[in-house]
Structure formats: C-alpha cells, structure tokens
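Sending over a structure as structure tokens; questions will come in a sec.
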Amino acid sequence: MTDPILSIEGLNGWYGESHVLHGMDFVVNPGEVVTLLGRNGAGKTSTLLAIMGILGKRTGSVKFNGTETIKMEPRHIARAGLALCPEERGIFASLNVEENMMLPPKVAEGGLSIERIYDLFPNLLERRRSPGTKLSGGEQQMLAIARILRTGAKTLLLDEPTEGLAPVIVQQIGRTIEALKAEGFTILLVEQNFRFAASVADRHYVVDQGRVIDMIPNTELDANMDKLHAYLGV
Amino acid sequence: MFELLNISPQVLMGQLLLGLINGSFYAVLSLGLAVIFGLLNIINFSHGAQYMMGAFVAWMLLTYVGIGYWPSLILAPLIVGAVGIVLERLALSRLYHLDHLYGLLLTFGVALIMQGLFRNYYGISGQPYNIPDALSGGQNLGFMFLPNYRAWVVVASIVVCFGTWFMIERTRLGAYLRAATENPVLVGAFGINVPRMIMLTYGFGVALAGFAGVLAAPIYSVNPNMGADLIIVVFAVVVIGGMGSILGAIVTGYGLGLIEGLTRVFYPEASSVVIFVIMAIVLMIKPEGLFGRTS
Amino acid sequence: MADTKPKTVGMPMLHKVIFAVMLALLCVLPFVIYPVFAMKVMCFALFAAAFNLLLGFGGLLSFGHAAYFGGASYVAAHAAKVWGLTPELAILTGTLAAAVLGFLIGSLAIRRQGIYFAMVTLAFAQMVYFFALQAEFTGGEDGIQGVPRGDFLGLISLQDNTALYFFVLAVTFGGILMLYRIVHSPFGQVLKAIRENEPRAISLGYQVNRYKLMVFTLSAAFAGLAGATKSQVFQLASLTDVHWSMSGEVVLMTLLGGMGTIFGPLVGAAVIVSLQNYLATFGAWVTIIQGVIFVLGVLLFRKGIVGVIAGWLRRPL
Amino acid sequence: MIRKLAMGATALTMLGTIPAMAQDTIDVKLGVLNDRSGVYADLSGEGSVVATRMAVEDFDAAAHGLNVEIISADHQNKPDIGSNIARQWYDVDGVNAIIDVPTSSVALAVAAITAEMGGVMLNSGAGSTELTRGQCQPTTVDWTYDTAALANGTGGAMTTEGGKKWFFLTADYAFGHSLEENTAAVVEANGGEVVGTVRHPFPATDFSSFLLQAQGSGADVIGLANAGGDTVNAIKQASEFGITQAGQSLAALLMFVTDVHALGAETAQGLNLTEAFYWDQNDKTREWSARFEETFGSKPTMVHAGAYSATMHYLRAVAETKTTEGPKVVAAMKAAEFDDPLFGKGYVRADGRVIHDMYLFEVKAPGDSKGEWDLYNQKATISGEDAFLPMIDECDFTKNAG
C-alpha cells in the first residue's frame, strides 16, 4: 500500500476567536477522489482552508507527500503542489479571463498548457478579454478549475464546485473530475450535492462539528444510505 | 462670457495650462496614495513628508555628493522608497489586520517625526535647488511664457502616470497586484509572496511621492513643510477619484489641477478650499468617488 | 422590543471614587500648578471627551472636530467682546452655535460611513476654516484678541485666575459628567448596539441615522462648550483652533488615553497638553516627540493608557 | 492659600538675605518667546536667544548691579500657546520682559498680557502696525520694523524710481492685507497707481497662476505682500517665468536675509527690499555679526539684531531706574535716546514705536557676491521719521499717563 499523499491528524482550527475544527483525522491516497460531506457549518470548507494554511490559526498535523506543513506559510504549501479552487470560485473581478487564468504561478512541470485549456474550454478562449466575473457561473467554475490545472499541482482541493450551477454544467464538471482522476490527479472535494459526490468519489468522509465522524467507501454507499441521511439530516 | 468677467481667452488658456502643471503634481502624488491604499488599505498620511523627503534627498545628493538633477530623478525616489520599505517592514506590516484608522494614525505620526527631524537639521527657510541647465529658459506660446521646466513636469508626470497605469492594468505583475487588492489570502494560497508584494508596493507608492518631490525641488522651495498641507489636498483628490482607483487618481489629479487653476482666476482666495467643496459634493452624490467601484 | 428597552446604568462605585478623587485634586490644583495651564488641560479634556463620545461610543471617526471647537470659540469670543455678554452667556452662545453647526454638517455626514464619513467631516471643517480666515468678524490670522474675562452672572469678577479657574472647573467637570450620563443612558446603550452591529440595530427597529445625528450633534456641542470656554480662558479665539491639525490633535489625545473609555480622553488630553507646555523650549522636538507617541501608541498601546490600566484591573474605566 | 504661605516663606527668606543684597543687585529675568519650529524659526528662533545673551554680556550686567537670567520658549505661532506661556512667565516664573515674539497674532496677545501684568514687551519679530496703533500698550516697545516702514521703504523708493504701476500679490490674511494697504497708500502718495491685486491662499506653493495675472496686468512692479516660504516661492517662480527679464520688477515687502540666502543670489538678484539692519553695513555691524556667527553658525537677521539692541536699551533703563516695573522701565526707555552699534541713533517714541533709519537694499548679482552671505547692495537710507507712521493720539502714553 502506498503512503497517503495527504494525511491529516488531530487538526484543530480557529476562525478568528471561534474554534471551528476539533481534531480532524483523515487521509487521502494518491490518485483518489475523496469527498468531505456534512451539514452547513460542519467545518468542511474550514478544513480545506486549514490544509492550505489560510485559516486564521491551526494546530495538529497536516502531512503532504510526507512533509509536515503545519508551520508552513500558505505560499510554500501551494508551491509544494497543493492547489485550491475556493468556495464561490474566487474569480477576480479586476482581472480579465486570461489574467485570472495566468495568475497562479507554475509550481511543477506537467501542468496543462494554455492552448490545451482553451481546447478543453473553448468558451474561455472566446471571452479571454472579458472581466472574470462577467462570465456565467459555469464558465467561472471552469475558469477556476482550469486556473489551477495550469500550475502543475497534482493535488486539488475543490470547494463545492457544483454550487448553484445548472445540471448540465454539473455533469460537465463531473466529467472533468473523472478525466483528471484518470490522469492521476488526487482530489479532495467538499460537496453539498450528495448525488454528485457519489458519482465521482472513491470514499466519503462525514464531517460534523469540526471532526470526522465516519468514513464510507463509495462502494458501500448504498448500504449506508440511512446512516448517511441521518448524518446529513436530509 | 469670459470677456464679461474681464478675462481674455488667452489668459484663460494660460491659466488652464498652469492648472494642468499643478495637476501633474496632484496626479503623481495621488497615484502613489491610491496604489498604497489599494493594496495595503492604509491611508498613507506620511505621503506629504515622503514627497518632502524626495526633494531633500535630491538636494542632499547635490550638496554633499555632487549628484545632479537627472541621476537624482532616479536615485532619490529609490532612496525614499527604500526608507518606505523599512517603515513598512518595521511598523505598517503589523497593522494590516486592524482598522484603517490605525494605519492613518501611524503614518501621521511618522510624518510628524520626519518633518520635525528635517526642521531640526535644516531649518525652515528652505534650500535652493536650481533648474537643470538643459531645461532652463522657456517658450513663448503667444498667450503665455511657458518655462521649459514646467513643460517637462507635465511630460514627466504623464509618462510616470501612464507607465504606472500600464504596469498595473496591463502586465502580469499588475494582475498580481489587482488580485491581491481583491483577495490577498487567495493570492497567497496560489503560491505568491503577498507580503513581499505589499512591501514593494508601499515602496513604489512612496517612491512616486519621492519622484514628485524631486520634480518639485527646482520650482518650489525645498523646505521641511512643503508636504505638510499638500497631503490633505492630495488626500481629497484620491477620495474624489475613488479610493484605490488608479485611473481615478490620475484623472482627478489633473482635473482638480485645472479646476483649481480656474478658481485662481475667478476667486483666488477660494482656490485652497475649492477641492474640499468638490469633495463634499462628490461624496454626497457618489460616495464611492468618481471612478470608484461600488462594494 | 419595548420591554427590552435598555435602562440607565447607575455609576459604579469605582467611577464615583475616581470622579471624587479627581474633583478633590482639581480643587487643590490651582494652588500647586499654574491655574491657566490647568484650565487649558480641562478645556482639552472636555474636548477629547466630547470627541470620544462620537468615536469611542458612536464608532464614528470625525476628522473635522476642530470646526466645532474653534467655531464655538470664535462665537463665544465675539459674544463676549462685541456684544458684551457675560462669560456664561457667551459660552452658551458658542456652544449653541457649535450644536447648530454640528447638526447641519452631521445631517449630511452621517449618510456616509467609515473613511468617507471622516472625509466629509474634514471637507466641511476645511470650509469652516476658510470661513474663519475670510470672515470679517474673526480677525483673520490675528484672531479675536483681548476678549474680556467679564463677570460671572454679571456679579463675580473672573479677572483673578483662581476665580476663573473654579468657573472653568465647574463648566468642564459638569460637561464631562453630562457626557458620562449620556454614555450610560438608554441612548448610550443604543449607540453601543449600533456601533457593534448596525444591521442588527436597524432590524431591531432603531432609527439608526437619528441616533447617529443626535450623537454627532451632542459631540459637536460639547466640543463647542470646550472651545467656547477656552476662548474665555485665553481671552482670544484664533485660527489654530479651527485648523485641521487641531482635529488631528484631538484624535491623538483620545487614542493615547484610550478611546471608548471614560477617563482615557481626559488622561490623553492632560498628557498632550503637558507635553506641549513643558517641552515648549525644545522647539521642533515637540513635533517629533508627538510623532513618536503616535507611532508607539499605535504599535504597542492601541488600547491607550487608560485602556491598558482597565485591562489590568479588568474593569471598564 | 498655599500660595500665600509660599509667598510668606519667600518674604522671610528675603528678610534673611537682606544684608547680602545690600549692594542692590536687581534680579532681571528675560523671556525670549518666539517660533522655534515653524516658518519664523530661522529668522528669529534660537538666534534671538543668542543675541539676547550677547546683549547681557556686552552690557556687562553684573557690573551694573543686575543679575540677569534668560529663558526661552517656542510659541509655535499659536496665540493660545504664546499667551499661556507669557502669563505663566509673568505669574509664576517672575519674568520681567518678553523679547522677540514674531507672528502678529501672538505678539498682540502677548502685548495685552504684558500690559496687564506690568511687564515689558520688547518686540522685534512681529511686523503688525497694530502693536503701536489700534492695540498699542504702554508697556510695548516695538524695536525693529513694522509693515508700514517696509512699505515706505520699498514702496516709496521704487515708485519714485519710476515704478508707477503696481500689482500686488497678497497673502490672504490680515498681515498680508495690511502690508498691501500700507504699500498701496505709499505708492499712491508718490504718484503711482495700483493696477491690480490678487489674494492668494496662505500658505501657497504655486504662484505661477498669480504671476501670470500680474504679468498680464502691465504693471511695472509686482509687490509681494506675503512672507516667508510664500515670498521665497513667488520669487523663485517669477524668475522661472522670466518675469523680471520681461521688464517687471519684483518688490518683496517683507523679506529677511535668511530668505534671500535660501533663494540664492542667482534667483533673487535684482530684488528690492527694505530692512532695518544688514550685517555688512559698517565696522560695528560686521564686528557684532562676526561674533554672532561664531556662536550661532550663520549671519544675524534684523530680528536678531533687534533683540540685541532692545535688550541693551532695556537693561540700561533698568540699571538707571533700579526697578523692573514695566511702566517705569518703558518710560525710562522712552526718555533716553540711544546710539546703538547696530541701529545707529534713534529713540523710543511715546507710543512705543522705535524710530531709527531703515534701508533699501538690492540683492547682488551672483557675480558680485563674494560669499554665501554677501547678498545686498545698499540703495537708500530712509530716515526713521519718514519710514514709520506718525503717532496716533490715543497711543501717546507719555501724555496720557500724565
């Protein structure tokens, strides 16, 4: 068995004065797609921010590729090959599409070239001079994902990429994630859309009140449906 | 209509041109202030003192080292910018998580210290600094005598303003800056060294003030108080243009120079207050400023 | 809503003691230090306390409070010198003028927030300065000189420093107590609610803008009271008091002492005025020292002197 | 009450020391109150303290039975700070005379307090004619200059030389206005006319617009009714815009040698101005100025010189009257004419106005200047009687006092 690419142990996190993560423990193995499921406010987004080092304060252990990152600056974590696609996509209004795309610096070889990205998302090519936030929600999401693919990072943290998007776009994102998985990317996904999560992920961690309370492999999902509904309060 | 007011069109032309020259200083200074505010969210109250420092450094380079105007035009802003960077590292960087108010108060204090120190060492009556030989004399434009140096001031300020605008709006570095202005945390999470960018931006904004100071040295008196009252005016320019808006700062800088110039003809006593009247009106009607983004 | 109406909070014992000690000290002070200097400190203490009402308790940073302070000093000086009013009436006139001015400017300024609010107040203050420079009655940069000290109520001569001192003590100490009352009244509680969470206060049904305007006017009026009193003490009104650097100075006093505290502004004013007075021989060093205080205050003692002490005592001061 | 006790205690000590004081030593405390950090810091400031100290030494106070102490403070050009210090000096520190006090607003406030407290105000730095007219005080001695004398000197001389049409660049505040008014009156009295006036905000940095208006007016002379940095900037820019080359002359109505020094002869050459004193006038001024420069580091201004001479004359009067009571000392000062090394022969008029010669200077061309401070050519001497305004009756204190 290979070592996990991302290994989180006893992760505590604070957002300002409020303590939001209370000892998260989980691992993500190379090439896996793993989701964090949970109710609103359970600490899923905070977990991603804590992994990137941009939550207010964090303690515990976050090992990436075997390296302890808990004391590292966010920019060094990013340089190590972790990339975040933030909640609400984080497209910059004062930058046009291409500038948004080119913003994150390359951190490793093997990122997608800009030509390849425009091949994949022809809409972006068409609108490359428009302000980033003038795109539709779906296009913005594509842009947000494309932007981190350029950097060469192989481990992606995606925060609710399907939020507020039309079903056909959601499907497209699902296909994109599958394609990335096939290319060997490791993805940690935060999702509210449980059906979407089920369609792309290998395993699911259930998060509640800032800690992981269960892990359900995707293959056992059907058997655990009731339990999961109870967790999520659906 | 102008004849009615006893002002000939020629005189008016001259006054407008002079307004533009004054506007050049406002534009360069408010540009620096806007750049700093955009990224640091700090109102740099020491901007006037740093402008004064630019003029003084040019004078010191000439007096103690024998370095003339042209090298000073590059060197003095670099020196002033470097001092700014030290200030940013030692003090300002500790305030970014706090209210705007603290940055304003700190830089206000720094301005007092700088002005006080220069006053102690160089007195108040000012130091002479001559117009470089290459730019002495002037052109007779028919409606007025335009000193070459003033023409140069306009050209230099337009070049610097356009260059800065281009750098911020059209280059990759500028894209980093704009992105960091919007969401520094995310930009940091992409692997960009935001603190260093902030430091350099402050240095750059301050260097712009220093540059304006060198430009001013040959025509205004080089004295420790030269920036003390100017800061309030430049401040108003930035607010009218829209806090943090680069284009707003530049356009408003020139525009208010022109308006002030007109006021000097029709109601000279009010020329120092007209900017505040405009600021009050603008803030009442369009609080985000003429070029500001609504947020 | 109606049943949760905030109540007037009584004065805690600690504050009573501090006020009592302060008053006792102030009664002895003129026999120990120079009374005119002590009066100046008291005027600025009241000014800073008035400013603090707006900034510390209302959460509004005005960068133009010199307009009310200086404006009132001109009106009071004019009233005493030209109209021949008795000191208390002259001060009252000045205070009223400041209140009216504060109401007018405030009703425009409170529509804006944060730094824009500060800028609007600065803009209007610059216009007041311009007016003071241009208007006939203000005497330009000479100011209004030789204002008579007059007779209190037309009876008691204030020519003597000690008599004047106790008059000024009564006015300023009274003003500060009134400010204390305002802060701890239901009105003050609403202000606090607005400062902490404006949208919530709106949702609770408070007419936030009316409260803001009220606190602005009150703050201007008390600043005016301080300025008017100062004009009687120094027998002059001058441009210094309406200049923007005076607006900066009162921010410094409040910040140094501790904004949002009761006693902070008083301490801040005392420290700054003493510095200016005792360092007067050091020339330009005064500005440098003030600058250093600003810088250190912002970097190390953001809570101000009294704020830090209150932190040690774990009591609001 | 405590204060009374304290006074009682002092009285006791004094009783105890009477035998030692039999020689009639008089304690004199002089307070030099001026601007030490603002615009007037160079032309008055520490230099005035140095000059005052020199006066005490030169007078040989100890030999005259005087025990003189000098203190000083910065009034920051703020009337309230100035009057606070002045009151405190008289009330607490026992100061007998306040010296210098530039900035008219502060000077007027201090003059009023001085009269109330029975001190002496030896004005050297402030230029307002109000000091000896509208707001005259029996205890004011206005030594060096006033705006009227400057106006008479520069305005009179230049108009008679052919500068008939005047345009004024006036700092928009009371001092500027009075300087303009005084000069305009002189210009008109000498057959000239005022073709225009522009009032600029105070302080201002850019004068090009106003200069252009002045240029367009067709005036012969542009009168600068402003001071300090404003004047310096206006002259600097006038040279830049070729105003003087185009045939108009500049007249600085209030300018000190330190300002000219700041401008440099290159820029200031040909400028006309009036002063009461210049270091390079004669052997006595040169000798004194050299001593001054040795302690202070630069040449004295007329304000420094005034502080020196006023102190000398004051100490003489104290030694003679054997008192420090303001009104008596001032009366003695008014009674005796003086022949001063720096100001020549003169006297203190009944209203406190000191009458001495004024001089019209022209700034040398850089080629003629033999040193950093070699700046003036003397063009004319204006006798004191011509330079200063006549006395107004209300201020004739010798008569009024009876």
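By letter and in written order, the chains are A, B, C and D; residue numbering begins at 1 in each of them.
Just so we're on the same page, a residue touches a chain if its C-beta (ideal position, glycine included) is under 8 Å from a C-beta of that chain, and two chains touch if they have at least 3 such contacts.
Since the structure is predicted, the reported quantities are computational estimates derived from the model, not experimental observations.
Chemist: In this assembly, which chains make contact with chain B and also with chain D?
Modeler: Both-contact set = C.
Chemist: Among the chains, which has its CA centre at the largest distance from chain B's?
Modeler: A
Chemist: I'd like the most central chain, judged by C-alpha centroids against the all-protein C-alpha centroid.
Modeler: Of all chains shown, the one whose C-alpha centroid lies nearest the global centroid is B.
Chemist: When the centre of a chain is set as the mean of its C-alpha atoms, what distance in Å lies between chain A and chain C?
Modeler: Taking the mean C-alpha position of each chain, the two centres sit 54 Å apart.
Chemist: Express in whole angstrom the distance between the two chain centres, defined as the mean CA positions of chain C and chain D.
Modeler: Distance between chain centres, rounded to whole Å: 37 Å.
Chemist: Just give me the whole-number Å value for how far the CA centre of chain B lies from that of chain C.
Modeler: 33
Chemist: Quick one: chain A and chain B, Cα centre-to-centre, how many Å?
Modeler: Roughly 43 Å, centre to centre.
Chemist: At least two partner chains per residue is the criterion; list those residues in chain A.
Modeler: Expected reply: no residues.
Chemist: Note the residues in chain C that touch 2 or more other chains, in rising order.
Modeler: Only 134, 283-284, 286-287 qualify.
Chemist: Give the residues of chain D touching no fewer than two other chains, as numbers and ranges.
Modeler: Those would be 37, 41, 172.
Chemist: Which two-chain combinations qualify as touching?
Modeler: Going through each pair of chains, those in contact are A-B, B-C, B-D, C-D.
Chemist: Where on chain D is chain B touching in the complex?
Modeler: 37-43, 172, 198-201, 203-206, 208-210, 212-213, 215-216, 228-229, 232-233, 236-237, 240-242, 246, 258-259, 261-264, 266-267
Chemist: Spell out the residues on chain D that touch chain C in their complex, using ranges where they run on.
Modeler: 1-3, 36-37, 41, 45-46, 71-76, 78-81, 83-85, 87-88, 91-92, 104-105, 108-109, 112, 128, 130, 135, 172-175, 177, 202
Chemist: Can you check the complex and tell me which residues of chain B touch chain C?
Modeler: Checking each residue of chain B against chain C gives 43, 91, 94-95, 98, 100-102, 105-106, 108-117, 119-120, 232, 235-236, 239, 243, 269-270, 272-273, 276-277, 279-280, 283-284, 287.
Chemist: List the residues on chain C that touch chain D in their complex, please.
Modeler: Touch residues, chain C against chain D: 31-32, 34, 36-37, 40, 133-134, 139-143, 145-146, 161, 230, 234-236, 238-241, 276-277, 280-284, 286-287.
Chemist: Of all residues in chain B, which touch chain D in the complex?
Modeler: Contact set of chain B toward chain D: 11, 14-15, 18-19, 21-22, 116, 119, 123-128, 130-131, 138, 144-145, 147, 149-150, 219-221, 223, 225-226, 229-230, 261, 264-265, 268-273.
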